[in-house]
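Presented sequentially are two complexes of chain A, the first with chain B as partner and the second with chain C.
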Partner chain A sequence: MSCLHIKNLSVQFKTGRDTVFAVDRVSLDHTGGETLALMGETGCGKSVIANSIVRLLPENTSIKGEIFFKGRDLLKASERELNQIRGQEIAIVLQNPGLALNPIKKLGKQIAEPLVIHKKMPWKQAVSQAEQMMNQLRFTGLKEKIKAYPFQFSGGMNQRVIIASSMVLDPRVIIADEPTKGLDMEARKEVMRELADIKKRKGSSLLLITHDFDLSREIADRIAIMYAGEIMEIAQNKKYFKEPLHPYARALMQSLPENGFKPIPGPPVAMTDPPRGCKFHPRCPFRIKKCAGERPPEITINGRQVRCFLYA
Partner chain B sequence: MLPLCLMEIQDVSKTFRYGLIKRKGRSVFNNISLSIPSGGTVGITGKSGIGKTSLGKIAAGIIPPSKGHVLYKGKDIFKMQKAEWNTFRTKVQMMFQDPEGALNPMKTIGRQFNAVCRLMGEKDNNKACKRIQEVMDQTGLSDEILDRFPNELSGGQNQRVALGRVLLLEPEIIILDEPTSALDISVQAQILQLLKTIQQENRISYLYISHNKKLIEFMSDTIFSMDKDEQDSY
Partner chain C sequence: MKQKAPSRFKGLMKFDQEAGRFPASRAGMIVFMIFLFIALFAGILAPYGPNERFAPFESPSHSHFLGTNDMGHDILTELIYGSRVSLLVGILTACLATGLGLVIGLVSGYFRGITDEVLMAVTDIFLMIPRIPLVIICAVFLRSSYWLIILVLGLLWWTTTVRIVRSKVLQIREMGFIVSAETLGFSKFHILFSEILPNTVFVIIPKFMLTVASAMIAEASLSFLGLGDPSSKSWGMMIRYAFERGGFIRDMWWWYIPPGLCITVCVLSIVLMSFSLENSVDRFTDIFRGLIPSFTRMRRD
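After this line comes the complex of A and B, so read on.
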């Protein structure tokens, strides 16, 4: 059953001189209990989709389309309704743990804070529930960690604290924006284990925004590949990693260490002036005349969707 | 002709002191020795907080070691005369993880390149422009970025600018501290291939620091692991 339904979402930012076309007519279904990984290079609009869902976008944004959650269009919800949804029903784990945590508040209190705000729980009870949550997530040395400040821990540990604080209200959807960015191998493995564990225990849906292929391969059910504000391919995890179909999805796989770090030729698209037709066509080795003039349709092949004329 | 071994790190240890009244010490690493050959790449890997960046900074002469010596062309860098030290600081350059943080946010890219040329003693504007153009061609940058500020460029472009600025100094050794960890995989692949091409063209030695073992294996001729359980070069 669809838990989050995004239909024709377009997001633009007006800057002094230009307009940034961040997301272009994106449609996406996120079913209950599934982990959907949204992947693509920096600046392709992944985080903009996440922030559109919880409506955390700057004032210069122009947003069109629909985002349905529990039958309500989030883009038409009032600020009061959104405050109830944010954190309680849809939680977002932001990408920089150093900035997402309050540097002068103890970690235990930061995990407990959503309970105090949303459930009006007394602080003592909330901290004890936070302790239980940390226990479930197998934090070692719990007593010291509850009383510690963010600067006393590594990036990986702080990221685990943010995940714990987003889980404490049992949200139906968790949006994790680059949860492993800037972490070393060990910390990445810890965060990966944590997210896989949460998915198993709570049955929440996870929208994972990342360019970490190892993380997606490990925990995602489906992979959506984004390029220049558009979704180019959506496929089941195993099918995608076995055989990506879209030329961009294939090129991205070639950049991986195991494939010899082969770069995608040509510069990335300027989001202020995206090309007409298929946005990948200036860099695509398989382009045909049609690609420059027409936007390719979304084609369904064996349960996966690809936006490319090669499969039309 | 360049000597076979450009830099030698001999039994280097680093302890950071902290505390105002009761001074305490935290030992980061002990007795590390390695050598950087001319035109080759030495990779340093290990977990976060193990001291990879500190070792890189010691090799670049930015911080002193607590024990041991760093020899550049056979001379201890911390005992050099001023002229020798200036040459060393030009010829051994460091590139950092966060490219935007390494560039001046208040200056356009063109002004940042010009400042390096002036520091190199180049007074002729035409010659400086020619040299900047050469470096931009080499790093794959287009002219339009010269009038832009670092925050108007992507992470990959900023890292190319940081590399270009280093190349203007005609270095013999570049210490690369996680130069691609802030970049996504497709841009990472572009920067790694660029670094390899530049090394072949200019015969520069690299000391490449990364926690990513696959990346270190791809880039390095010899690898030094700082992890205590596998402290060995292989």
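After this line comes the complex of A and C, so read on.
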């Protein structure tokens, strides 16, 4: 059952002279209950996809395509409808835990706030529910933590609080944008366990945006690899880590420290002026003539999708 | 980390610790509290009733600590009751001005665009109006009363508050927690008043206090010019009467020095307090900076 269905999504930003082609004709099916990891290098448009799902993009953006959620096109929904969906149906956990919390509000209140606003719950009840939530997240010394301010917590703790506050309304889809960024190993593990845990308990689906391979290997069902605004490969977790098919996906795996630290040759593409044809062809060791002129079609082999002429 | 985090924040909220580190500001707070106390309990503290009359032009003595004036009123009593009027004018004017400035600043900073343009144009027009001359004209042509002075001063004094609040809002609205509030589907109204407003308090309070001080001075100058409310005596009015009715000629310094001193000391105490608060605003922005995760290594018990 498809829960979130993205069809031909293109996002462009117009800056002074140039146009940034952030996302180019991306189609993606996010099944209910699954964890999909969207991976790729910095600036390849991962976060842009996340932000276009909840329509939080700057004014100079032009979005084309369709994003279906519960039979409704989110790109055509009104601001009022979106406010109903945001938080309640689709929750997004943003990057940078330190800055995502209001510095002068107590943490307990910040977790409880969505309940008060969306469910019209009285504060007292909401705070006690927030307390329960924190209890589930195994926060120790609960009484003080509820009354603490964000700056008294470490980055990892704050990240968990943010996850908790986006979870209180039991959203159907959780989008986590780099949930482990800037955290140390231990905090990362905690956040990882948290996400897997919540997903299992609430049965919601998770769209994980990350470049943390360990994290996605650990908790993702499917992996989608992005390069320069396009999805190059979507595959089941085990299949992908066993044998990535797309040349970029392969190169990405080989650039990991444990796989020999081999860099991908050539410079990354300029998003203002992406190459024609396959976006990866200038750096691809397997390129053929066709790659430079034509966009490769999406090819399905063994239930995985690859956008490359090698498999045509 | 020089100090433990919780106490630092507590100090910020209660402004106790901060005041402790700057003795001048603590002194300011104490002096202002004394003035407030005097104003609130004038009826108990004053040696005589406000309308009791004695022999006029008496020098200081045991029964009349600061002597009596031309009408035979006890000057100390007058001084004590005068604090009510002066503080009331100062505080109410500041409430009106800061309230106006706050709302306009919040709206124009948060919504930006055409709203911002219009509101800022209006603010610029108000900034151009010469304030004291306008107040004088109003006081001359309308029946002068304190309520009129409060209203006119309040309607003219909000412009700088707007600028400050707006720039703070412009800064805050781009911060991560505003975006995350949006992702949680909070309404604009809620974000503006529940997320942004509390974060501007730290610039508003010092500004409020400075407005109190400047409104008190404005009131005193208007009263001295004879444009105050003749029915209730403020400190400025007392100096005015001392000037008009022979206090200066007879060298009765106990008549005109105390109200002048009271105005000066009271304004000074308010300014000192607002300085210390501004200091804690800096401290507050430090905390903001400390929130960036790579630098965040705080208590993790």
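Heads up, the rule we're going with is that the second predicted complex is superposed on the first by the 312 of 312 C-alpha atoms of A that agree within 3 Å, B and C clash if a C-alpha of one lies under 4 Å from a C-alpha of the other, contacts with A are read in each partner's own complex, and residues count from 1 in each chain.
The working rule: a residue touches a chain if its C-beta (ideal position, glycine included) is under 8 Å from a C-beta of that chain, and two chains touch if they have at least 3 such contacts.
Note that this is a predicted model, so its numbers are computed, not measured.
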First (chain B), second (chain C), both or neither: which does A:Glu186 touch?
-> first
Just chain B (first), just chain C (second), both, or neither: which does A:Pro103 touch?
-> second
Scan A:Pro247 for contacts with chain B and chain C and give back first, second, both or neither.
-> neither
In the overlay, answer first, second, both or neither for which of chain B and chain C A:Gly155 touches.
-> both
Looking at the overlay, does A:Ile92 come into contact with chain B only (first), chain C only (second), both, or neither?
-> second
Once the shared chain is lined up, is A:Phe213 touching chain B (first), chain C (second), both, or neither of them?
-> first
Comparing chain C with chain B, which touches more residues belonging to chain A?
-> C
Scan A:Phe261 for contacts with chain B and chain C and give back first, second, both or neither.
-> first
Partner chain in contact with A:Thr42 - chain B first, chain C second, else both or neither | first
Overlap of the chain B and chain C interfaces on chain A comprises residues 154-155, 182-183
For the complex, which residues does chain A have touching chain B?
-> 41-43, 154-156, 182-187, 211, 213, 251-252, 254-258, 260-264, 268
Going by the contact rule at the top, pick out the chain A residues touching chain C in the complex.
-> 54, 56, 82-88, 91-92, 94, 96-105, 113-114, 117-118, 141, 149-155, 157-158, 162, 165-166, 182-183
Which chain C residues qualify as touching chain A in the complex?
-> 5-6, 9, 175-177, 179-187, 190, 195, 198-199, 287-288, 290-294, 296-301
The answer for chain B against chain A in the complex is residues 47-49, 154-156, 181-190, 192-193, 211-215, 218
